[in-house]
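Look at the two complexes coming up: chain A is in both, with chain B in one and chain C in the other.
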Partner chain A sequence: MDLFVGQLFTGLSTGSILLLAALGLSLTFGQMGVINMAHGEFIMAGCYTAYVTQQVVGDAGVSLLIALPIGFLVGGAMGLVLESLLLRRLYHRPLDTLLVTFGVGLVLQQVARDVFGAPAVNVTVPEPLRGGVDLLGTTVPKTRLFIMALAVVAVAAVTLVLRFTPAGRRIRAVVGNRDLAETAGVSSRRVDAGTFFIGSGLAGVAGVALTLIGSTSPTTGQSYLVDAFLVVVAGGMGRIKGAVVAAVALGTFQAVFETYSTASLAKVGVFVVIVVFLQLRPQGLFTLRTRSLA
Partner chain B sequence: MKFFSTRAGTWTGFAAAALVLFGLAPLVLSGFRLGLLAQFLCYAIVAVGIGLAWGRGGMLTLGQGVFFGMGAYLMAMHLKMADAEFRGGPGAVPDFMELAGIRELPGYWVPFTSPVFTIAAILLLPTGFAVLLGFAVFKRRVKGAYFAILSQALAGAFAILLIGQQTLGGFNGLSRFRYFFGFNLADPVNQQMLYFIAAGALLVVMAVALQLRRSRYGELLVAVRDGEERVRFLGYDAANIKVVAYAAAALFASIAGAIFVPVVGIISPASIGIIPSIMFILGVAIGGRASLAGPVIGALAVAWAQTALSEQFPSAWTYAQGLLFIAVIALLPGGIASVGALARRLPSKPTAVEAAA
Partner chain C sequence: MPLRPKLEARDIARTLAATAAITGLIATAACGSRAGEETVAAESCVDTSGDTVKVGALNSLSGTMSISETTVRDAIYLAVAEINAAGGVQGKEIEIVAEDGASEPTVFAEKAEKLIREDCVAAVFGGWTSASRKAMLPVFEDNDSLLYYPVQYEGLEASPNIFYTGATTNQQIIPALDYLAETGVESLYLVGSDYVFPRTANAIINAYAADHGIEVLGEDYAQLGSVEFSTIVNQVSASGADAVFNTLNGDSNVAFFREYANVGLTPEEMPVMSVSIAEEEVGGIGIENIEGQLAAWNYYQTVESPENAAFVEAFKTEYGDERVTSDPMEAAYNSVYLWAATVEKAGSFAVADIQANADGVSFASPEGTVVINGDNHHVAKTARIGEIRSDGLLYTVWESDGPIEPDPFLEGYDWAAELTVTE
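Let's turn to the complex of A and B:
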């Protein structure tokens, strides 16, 4: 029982980290078809935002609370610049956006290396988040609980915005049928920019949260990126709930695999699971039903 | 440029390349630089395969490091076994295993004592793996971005898997090879022989790629790239067409890896993971993904620039790499090979590659 709860928790925890990293991607990749390899670097920018905020503010608790919205703005602003300068010209060439944004990611990594140095930096965890809580017989670190809660809040916020606000309705309209939305008077160009702002902002928030459980270096973002993409692929294009289910499932898979073998075999196991899974559902868990051929 | 696309022109190009590689380069380059060129030629062989799969077939494979690594590790295992046999007689374990405290030779190493088995494995194992994976992916019509991300995840998983294998040298990989099928690797004459092998392999691989492009199959491959559904509606199985190009690219990468190992003297997970795999793409993109010679020239140029710049200006070189990716892909998707064509018909319509990508 203890082992089961422990694994379930590790799975949920890994899953919530994956989800935080993948949620923004699910918007930009899933809804706009842009493969943003610089998303990892936006996460890294969020990490450094938390670090810098703490250097300036001092108090760990206050700086975390400030850094979360600032991280959103930093990530969002970077995304907005990327979208308006480069990606806007490449929407009809999705594979090329992948390579272009990989180049952007390389540049951003080197900027971080030149500004903050190659060695990893650490952020002090605020007092209330240190230690663990006893839950159903296992000890659960509070930082992990915080990240889970943040993931839940982020998903809820995105869902609410998409479903109930006028901006969200416009985003869904453009995703559903770009031409028809434009005919109805929606400026798809502005919607694209807005979607990209939100998606990249979420990467910044994820970055701030991830400083609680690991150190920050210029290559931090990369380590999360591939897994985050796998979550979106398995979850299905453009479906937030797909990303949620896929993130938790992959997190649990990884946790269970790691218990019975090694961390390195777990990565391979997850890859095999996804390839097999795509045999059953090539478009991912949840798909937008369209009559298009793709 | 037009001349080189005629039949006579192609063979003139091949003859010129052979003359440069076999005649000129060994004359003017020192042994050290010739070794470097041999290493670059290995990257160029990988690039030919990527040109076929990505440029002609539209499959952006970000995991060529996997096949490169397979060929390299298979070859390295044979060289280590030959080495162990030379030092300690039959049944001895390679030196790095002794250091790691492994006394018993793992079973899967045993067949690599045989050179024939090793070469067969280098040719068949990565190709077979690519065929299996290709069928699994393409038959289910997983394509485009999904395929690119899967291939990238494969490279990541493969590198992590290798790091965990102590019997394959773990993080440090395999290094310190003394003999290559009985030839002493420290001898400059044998190093030159390796260079000739690399140059010959590149020309052969390019000739194979050329035949594939010129054949009916090559037409179909481009058709799949530009309109997969239409090809399917005409009664062809698009998956089979793609699998052939993907497997050929895997085979080329494996051959390149196998030559890379004796030339460079080390193979480790660091040179086959996600980043090295995507770096293979850079040269192909710069040279021109859809052309035959473009990827080769691009790969050679990038490798040369990397060697010349990365030691002295590591920071500037990373910026340059990033900006090259951005500039070439965004502004010149046809690569250098398309410059001539662009100049001829300005203002231009989008090229075939642009419209397809």
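Let's turn to the complex of A and C:
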């Protein structure tokens, strides 16, 4: 029983990792409909940002705190470049976008390999985050608690920005009905760039945080990409709320299922559940009702 | 050692070889009417009449396996340069034709075919994953050419056209189990990546455990590349096993060991025995997460012998002080020397002569003397258990009494009888 309760907590923790990886994607893919296969590489860029910052700063704790905002800027800047150089020309051509961003992802992986070398590099975990805390009969690593807290903060920040700032209102307006928003004087081009900046920046932040539990190597981003898409699709396109619920549900399901079978089988189970779920509810958990005419 | 200029010369040679290959292709295409005669593929086109002899180096220089395979490539080049500096093989200078396997088994097969048929190499060195070896095997058998494969693997194979210079299971996994049993381990938890090597290794471990009274408390597989180890580590922790046997591969090790250390599991309490973590991987995991854990290999950089001191020094001189030497690199280095020694003994570069003369050929290698077994084409190797210390290197804490004879099908072990049959 203890193990079961512990696993629920593990599920929450796994969910928060999924959420952190998927949050940026729920903006770029969910809201804008861009299939960005390079999202994983933006996460990887965040990982290397944490690594470089640590090499420069030295102190692991301080560098982690500095790296979070830098990671946001690095990821965001890469997203901005990708959007303005390539994606802008490819809106309404989702298949081309998929191929182009996949290619960009491969290029970024090779760049990382050339700059940092193929072997994984080590980002040292700060002293206060080492070890674990006993919770409900299981030991929870502090790094995971940190990631959960960060996921909560990130979701809160995105929600606040979308709901209460002028920029957020413009984003929601363009997602709701692009033509009408433009008629009302909103520059959809600038909004697209801004949304992509925030979404990619969040990938950078996720990358910085994920160095605490995972590896930092050129292929790191690949391990999060599929799960991130899964979360966004299951949660329903365009809804942050959907991503949150889907991430926690998938994380918990994976953790509990894994306890009674194996990790590989649990993964299969997750996919089966999602396939069945999407058959019944193709639009995902939550639907965004738009006023667009198309 | 003035290896650098040689490398440049080699690059030029490579370009020339490539040009020659292309010219050859065009020529072949031009003489379409003679295509019928070309189908006698088994006829070797190896030309050893000149001052040089060509060999192939087939390693992944791009893709996910390049992390490991580029190090093997470096070791092959080092051995070739040393042999050339000492006068070559049969008085001929060895010339390397390099190809990129690109981490794709199909590319390995394709490039192997190209090296054999177009570059006419006398032997090929390389390959890493079992999938790449399985893909190349029919190519080498059909063309009757030779592959030297330098990585420990799951055994249960013995092709007349492949020489296996890494460990087979009875030179790595079984000694590791013997060591654990010796130190009083009575229960194990098995963690591995989900592919052929860990599955086969764990089948062997289960059979061994059943015979030796060791209890296997759990067996978990994670997808290759998986970084979510929370549940597995919780289960390992809850099982209370005496030790963990780890066959995870690649980046998964980083996530696993971080999680392991963070929930407070220590090597004193529950040691982890790994078979895929060498000097190269320790850095990425972070020494604070893995210090004190165990690994099973045949070679460590810290092995004390004059041969190893010379090997490590030559390697660092050539590739930089920060580089480390690891087991697969050493096995690849040995493979070139073993090939050269066999050629010298046979007095010929022909495949049949090498096969006929391979038995008993030995080399005083960095890990100790290695001897080719002519029956199964594996080599006798010394098994070593290493402990990871604070400098990131592995130090031998146990070693077998001399080289262990290779037994890829585990025929010498009664408890493994059923395993071999089912395979």
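Simple rule for what comes next: the second predicted complex is superposed on the first by the 288 of 294 C-alpha atoms of A that agree within 3 Å, B and C clash if a C-alpha of one lies under 4 Å from a C-alpha of the other, contacts with A are read in each partner's own complex, and residues count from 1 in each chain.
By definition in this document, a contact is a pair of C-beta atoms (placed from the backbone, for glycine too) under 8 Å apart; a residue touches a chain by one contact, two chains touch by 3 or more.
What you see is a predicted model; the values in this text were computed from it and never measured.
Undergrad: Using the overlay on chain A, decide if chain B and chain C clash or can fit next to each other.
TA: Aligned through their shared chain, the two binders clash on chain A.
Undergrad: Between chain B and chain C, whom does A:Ser264 touch in the aligned arrangement: first, second, both, or neither?
TA: Both chain B and chain C are touched by A:Ser264.
Undergrad: Which of the two partners, first being chain B and second being chain C, lies in contact with A:Val100: first, second, both, or neither?
TA: So A:Val100 only meets chain B here.
Undergrad: Touch check for A:Pro141: first (chain B), second (chain C), both, or neither?
TA: Only chain C is touched by A:Pro141; chain B is not.
Undergrad: After the superposition on A, what does A:Gly185 contact: first (chain B), second (chain C), both or neither?
TA: neither
Undergrad: Once chain A of both complexes is superposed, is A:Arg113 in touch with chain B (first), chain C (second), both, or neither?
TA: both
Undergrad: Going by the contact rule set out at the top, does A:Thr10 touch chain B (first), chain C (second), both, or neither?
TA: After superposing on A, A:Thr10 lies in contact with chain C but is clear of chain B.
Undergrad: Go through the superposed model and pick first if A:Val233 touches only chain B, second if only chain C, both, or neither.
TA: A:Val233: touches chain B, not chain C.
Undergrad: Return first, second, both or neither, reflecting whether A:Gly132 touches chain B, chain C, both chains, or no partner chain.
TA: Touch status of A:Gly132: second partner only.
Undergrad: Check whether A:Pro166 is in contact with chain B, with chain C, with both or with neither, and answer first, second, both or neither.
TA: A:Pro166: touches no partner chain.
Undergrad: Could you tell me which of 96-104, 114-122, 240-248 or 330-338 in chain B overlaps chain C after superposing the two complexes on chain A?
TA: None of the options clash except 96-104.
Undergrad: Could you list which residues of chain A make contact with chain B in one structure and with chain C in the other?
TA: The answer is residues 110, 113, 222, 262-264, 267 of chain A.
Undergrad: Chain A touches which residues of chain C in the complex?
TA: That would be residues 62, 64, 66-67, 70, 194, 219-223, 225-228, 230-232, 234-235, 237-238, 251, 253-255, 258-259, 261-264, 280-281, 283-288 of chain C.
Undergrad: Contact residues on chain A for chain C in the complex?
TA: Residue positions touching the partner: 3, 6-7, 10, 13-14, 17, 110, 113, 118-125, 130-132, 138-144, 210, 212-217, 219-220, 222-224, 254-255, 258-259, 262-264, 266-267.
Undergrad: Would you tell me which residues of chain A are touching chain B in their complex?
TA: The touching residues are 29, 33, 35, 86, 89-90, 93-96, 98-100, 102-107, 109-110, 113-114, 222, 226, 229-230, 233, 262-265, 267-268, 270-271, 274-275, 278-279, 282, 293-294.
Undergrad: Chain A touches which residues of chain B in the complex?
TA: The touching residues are 58, 60, 133, 136-137, 140-142, 144-146, 148-150, 152-154, 156-158, 160-161, 163-164, 229, 274, 278, 281, 285, 315, 318-319, 321-326, 329-330, 333, 354, 357.
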